[in-house]
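Consider the two complexes below, in which chain A is the common component and chain B and chain C are the respective partners.
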Partner chain A sequence: MEIVDYIQFVLAPQMINGLALGIAVILVALGLTIIFGLLDVINMSHGEFYAIGAFGALSLALVGVNFWILLAAVPLLMAPLGFLVERLLIRRVFDSKDRHVSTLLLTFGLSLILEDTLRALYGPNTHRVDAPVSGASDLFGIIVPNYRLLLIAIGVIVICVVAFVTYRTRLGAVVRAASYDRFMTSSLGVPVSWIYAGTFAVGVSLAGLAGVLLAPLYSVFPTMGRDFILLAFSVVIVGGMGSIWGAVIAGLLLTQVQALASLVISPVWTDPIVFGTMVVFLMFRPQGLFGRIGHA
Partner chain B sequence: MENIKRTAAAAVIFSAFAAPSVALAADAIKIGVVTPLSGTYAAVGQPVRWGLELAAREINVAGGVGGRQITLIFEDEEANPSVAVQKAERLFQVENVDFLTGMVNSGSTLAVGQLAERNNKLASTTVSFADSITAEKCSPNLFRFNARAEQQSYALTSWLGKERPKAKVFGIGPDYEMGRSSVAALKAGAAKNKVAIVGEVFAPLDSKDYSQYFGQIRSARPDTIYTSVAGNDTVRLLTQLDEFGILRNTSIVGSSGTITSQNLAAVGKASEGYITGTGYSPKLDTTENKKFVGAYRAMFKVDPDLFAADSYSLLYAYKAAVEKAGSTDTDKVRDALRGLSWQTPEGEKTIRAGDNQAMQPMYIVKISKGQFDVVGDVRAEDAIGPDQCTRF
Partner chain C sequence: MHDRQSQIMRANHFFLLAFCVGAIGLAVYGSVSGDAFYLRLATEALIFAGLALSVDLLLGCTGALSLGQALYFGIGAYASALIMLETSSFWLAMVGAGGASIVAAFLGGLIANRVRGVYFTLITLGLAQVVGKIIYNTRELGASDGIIGIPIVNVGFGQWSVSAASPIGFFFIVLAIIAILYGFLAYLLETPFGRVLIAIKTNERRVPFLGYSAWRARMIAYVLAGLVAGLSGALYPMLRGFVSPELLSFSASGNAVVSVLIGGVGTLVGALYGSVILVVIKSVLGSWTEHHLIVVGALFMASILFLPRGLIGLAHSRLPAQMPESQETASRSISLSQEAS
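Right after this comes the complex of A and B.
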């Protein structure tokens, strides 16, 4: 009886909470892994695009836009931003000799500018966004806030849609072909540079969507991009740079490790466990759990 | 609100200039205030500012300090020790302030205390709880005008020991000087009053999601949760505890700064039944307090809280000390402050000469229907522990 009680009262709530966090991290990591897998660009400003999505949700909610409309409107509004960033900035250094270093520095610089712009526009304080649903559900004696359940549900749908488009549609096949061999693909008449810009825009939109979804849970503030980006990078590295399913599995695994470890050690100390796992993967299995989209 | 603040500030400045020139009143006395005006603790800095502004106006209208008007100079501490030190340095060096107060983060108070010592000036806090400020890390140049963690915890645990002798308490503190100190003080008080502590956990200041800490709370199965978070952290912690159903079978107790008039509305129904050991409630039934609450409400349209009352009282202690010393000279004012007793909205306060810590009566306050009801009190001498400062 005591064990059942422990599972119901202590273990299960902790694991469900870990699942909600896992979905949140995967949502942020999804855009990151797509941009890396296809464009071979390590997007250091991804966290700030996530923050822009959250601030967008905050601003639109203030003028009375419904949360469900925000879910579609914010990603749509952010797509042109992503498109322009790719066309105007990334493209300029994309063909340079050391693409990794130059795009990493470029996007890092961009992240600093974006964060300071948010601070200048909205001030340093934390803002609250109300969740569209309140209250909690009682699942077999486990109390879970409704919004976390909703987050898990929407997160699963988004992940499945992205995976379906990438692996099961003609568009996805074209995109994967462009990333595998862009010269061969363009010789077949595919506008590869537009595909690249479009993919970057989709990655940025996904970051924006994550921002909208996570704003009610984690509040909105200018430096919010930093909070998730380290965890998201660990997920992308452990999962295998560019692999969608890798990111999903790594995201779920790492957050469960974090959730269960925080039962016995202070939650503050679970970060070293997560980053330690990432370092171990970099040492012994640098390609991560799975390959990358273009090479899968 | 902005308008009221501006009007109030203008009133202070105006009265500074409009004062009749007495022979003594060559210059205004400049007091620096380094307090959080943005961030997690903005809700704490605001009442500090208002308490000081109200006292400054009253004192200036009544003729100032020994004929000299008071000017307050505000800087944003951002609840960040390194920012606090920069701002304090500027106030000491550039503005040449005579006295400094306002720090909220205990780390800021300790750092500014050291800075005051190097500059041979006086600094003070009316908010920071960490015991070390007037114990092992005490400074002859640093005064504390509010009740520290030990005084609050003693009051709270003596009440728990009496009213809920079988309580199993779990402590959650912010992960820095104040949080660690307040939970340690809780444990010390609990040992004296035979209250069981079943666990403790510390979350970083300004945590957005406390749910990852709930696993340890659940495993310990407490019936009472103690917390010393403050400002917006309180709003998030209590809302999330409520959302995850933990408040269904536990009650909340905590430090005096956790729920105040400033964040009460945002905390909402999770505040009902909250119990704390504190130095102040707006409902204290004394003449001084009624006068203070009336004036504060008239000026800012809200009830004062602990931080406002302590900051308001501070300025009157400083006035008494400067008038007794006959100057704002650091050594003379320090001597005058030590052992000083004065009347405040919280009752009579005395600065203990041995460690620069204010002694005051403590109250047990319970929040019911949004009111801070006083349900018990503890004498000043009982709540304060021995003087642990060995530096002076």
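Right after this comes the complex of A and C.
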């Protein structure tokens, strides 16, 4: 019965850990893919917004704010930041000849500033945030920490809400219309520039929410965004830029690859394997799982 | 006949001349005053200028933004370090690093040149991450510590030789190599091949109709950029005596892109100025505060927003009047520049 033991105590917990990470990566990637799919902007500073979310959770937790309030407060506080970034920076290069490259470079500069500001404010050391729930549950003989279950539940709800709003509501239809043809949409009386800024703010809020959710699981440090953004970009690429469901499937896929590779091969080799998967995907299916090739 | 491209490149040669004269002047001053630290720092700035040159060949000439160009810089540095551990020959190290970076860039180009635009940028970033992490995990290559204790080489020219340990001697060698790399790329851009690259940047779809293979031209440009980065990287272990996975990191690639953008995209010489400016900012501000990245990032964003043609572009707008050329070509260059704008 060794195989059953292996599955029960090694493989399954590892896959559930991968699932928890996957949900968090999808939240970060969701913001990226919304910003890309609807605004056609490559946001290289997205990882830093994720880090700001984690540091926001850290600071507010230190002054005694309850974790459940943080979940709503941090994304709400970060929305104006995203709004301002779009109005003050992205807007200026929106009509440049090569929008992808100019927005990518501009947000790359922004990421340097944000990362160093975090380091100036909090120092280079790592911090920890306490989880709101402790202990572990027994799911069909598999021991899973409660906080990971909570993260998976919240993440799934958020992803479903975002997908519902985008594809099933009038607001989502207006936003998609604005991204499809902004001149036509604005001539129908839609304030397109505010829609764009609002969409960017939502993407930034989602990154902040992922930061809050992941802060109790991983340590919080100023360069945390840099490591995470590459994984999120891989998810967006493999899923197909701009596709929400692509990001979900690719996020689950890549984090399972990561979880299993760290189990079967070695934890230190997971990054080459995950990024190698991304490179192979780009080579043979550059539009990703659900992307449209004409989009980039 | 000089078209606008030649005009720009000729003007850039003046900036290169000014760059070299300034560098030599400062180096002699530094050597006389016995300031080895700043000479070493200036040499490092020149080495990273080679990496920036490689980014500019891709971004400025074919319009492809690579965020992983430090990959070839690092491969050159590791190849050179490994060769010097065995033979301590400068020329063998350079040839080996050049060969290794050509092979690597050919393989990388086969992968990266399948896609364009943002996908190209992200695939280059991904490739550099993969190779960087592999080196980081390979114990034979020193893993995360890198390789230390690389012997000092002598750069031999027939009868006489210069030790890489001599601050001013090695500075001049690096300056000469970077100037040669610049000259080579500037010459290349003047050839018909260079015009094909510019045609790709402007409108890649039309290039095949003119009878040129866009893919082949992009491959050649990519491999050449890898070679330039690899040769620059080969100089790094001679200067510092060690190599580490940091050389392949995202921040190394990012710094090169920042240098190119600050200096001026597509000018080649702007990459050299940008790299020096970046190193100066980092070391001057670094002595006051740890948080120089805030300033670098702000400067970078400002140069994208307000100075899209970089510092060299800023100087260019007044340049044609000062250039020693006939009245006829000068007036044509003005009318051409009006057309272009």
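Quick note on the criterion: the second predicted complex is superposed on the first by the 291 of 296 C-alpha atoms of A that agree within 3 Å, B and C clash if a C-alpha of one lies under 4 Å from a C-alpha of the other, contacts with A are read in each partner's own complex, and residues count from 1 in each chain.
Quick note on the criterion: contacts are C-beta pairs under 8 Å (C-beta built on N, C-alpha and C of every residue); 3 or more make two chains touch, one makes a residue touch a chain.
This one's a predicted model, so the numbers in the text were calculated from it and none came from an experiment.
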Chain B and chain C placed together on chain A: clash or fit? fit
So in the superposed three-chain picture, is A:Y218 touching just chain B, just chain C, both, or none of them (first/second/both/neither)? first
Answer with first, second, both or neither: which of chain B and chain C does A:V268 touch in the superposed model?
-> both
Check: chain B-chain A-chain C angle from CA centres, nearest 10 degrees, reads 70
* In the superposed arrangement, does A:P191 touch chain B (first), chain C (second), both or neither? -> neither
With both complexes overlaid on chain A, does A:N17 touch chain B (first), chain C (second), both or neither?
first
Q: Classify the contacts of A:V279 with the two partner chains as first (chain B alone), second (chain C alone), both, or neither.
A: second
- Query: Which partner does A:P80 reach: the first (chain B), the second (chain C), both, or neither?
  - Reply: neither
Of the two partners chain B and chain C, more of chain A gets touched by chain C
* To do: Would you check which partner chain A:I113 touches, where first means chain B only, second means chain C only, and both and neither mean what they say?
  => second
After fitting on chain A, the minimum C-alpha spacing between chain B and chain C in angstrom comes out at 7
The intersection of the chain A residues contacting chain B with those contacting chain C is 268
As the complex stands, chain C meets chain A at residues 63, 65, 111, 114-115, 117-119, 121-123, 125-127, 129-130, 133-134, 136-137, 250, 254, 257-258, 261, 290-294, 296-298, 300-301, 304-305, 308
The chain A residues in contact with chain C across the complex are 42, 89, 92-93, 96, 98, 100-102, 104-106, 108-113, 115-117, 119-120, 226, 230, 233-234, 237, 241, 268-269, 271-272, 275-276, 278-279, 282-283, 286, 296
Residue positions on chain B within touch of chain A in the complex are 38-40, 42, 78, 175, 201-204, 206, 208-209, 211-216, 218-219, 232, 236, 243-245, 248
The answer for chain A against chain B in the complex is residues 6, 9-10, 13-14, 17, 21, 123-126, 136, 138, 143-145, 217-219, 227, 258-259, 262-263, 266-268, 270
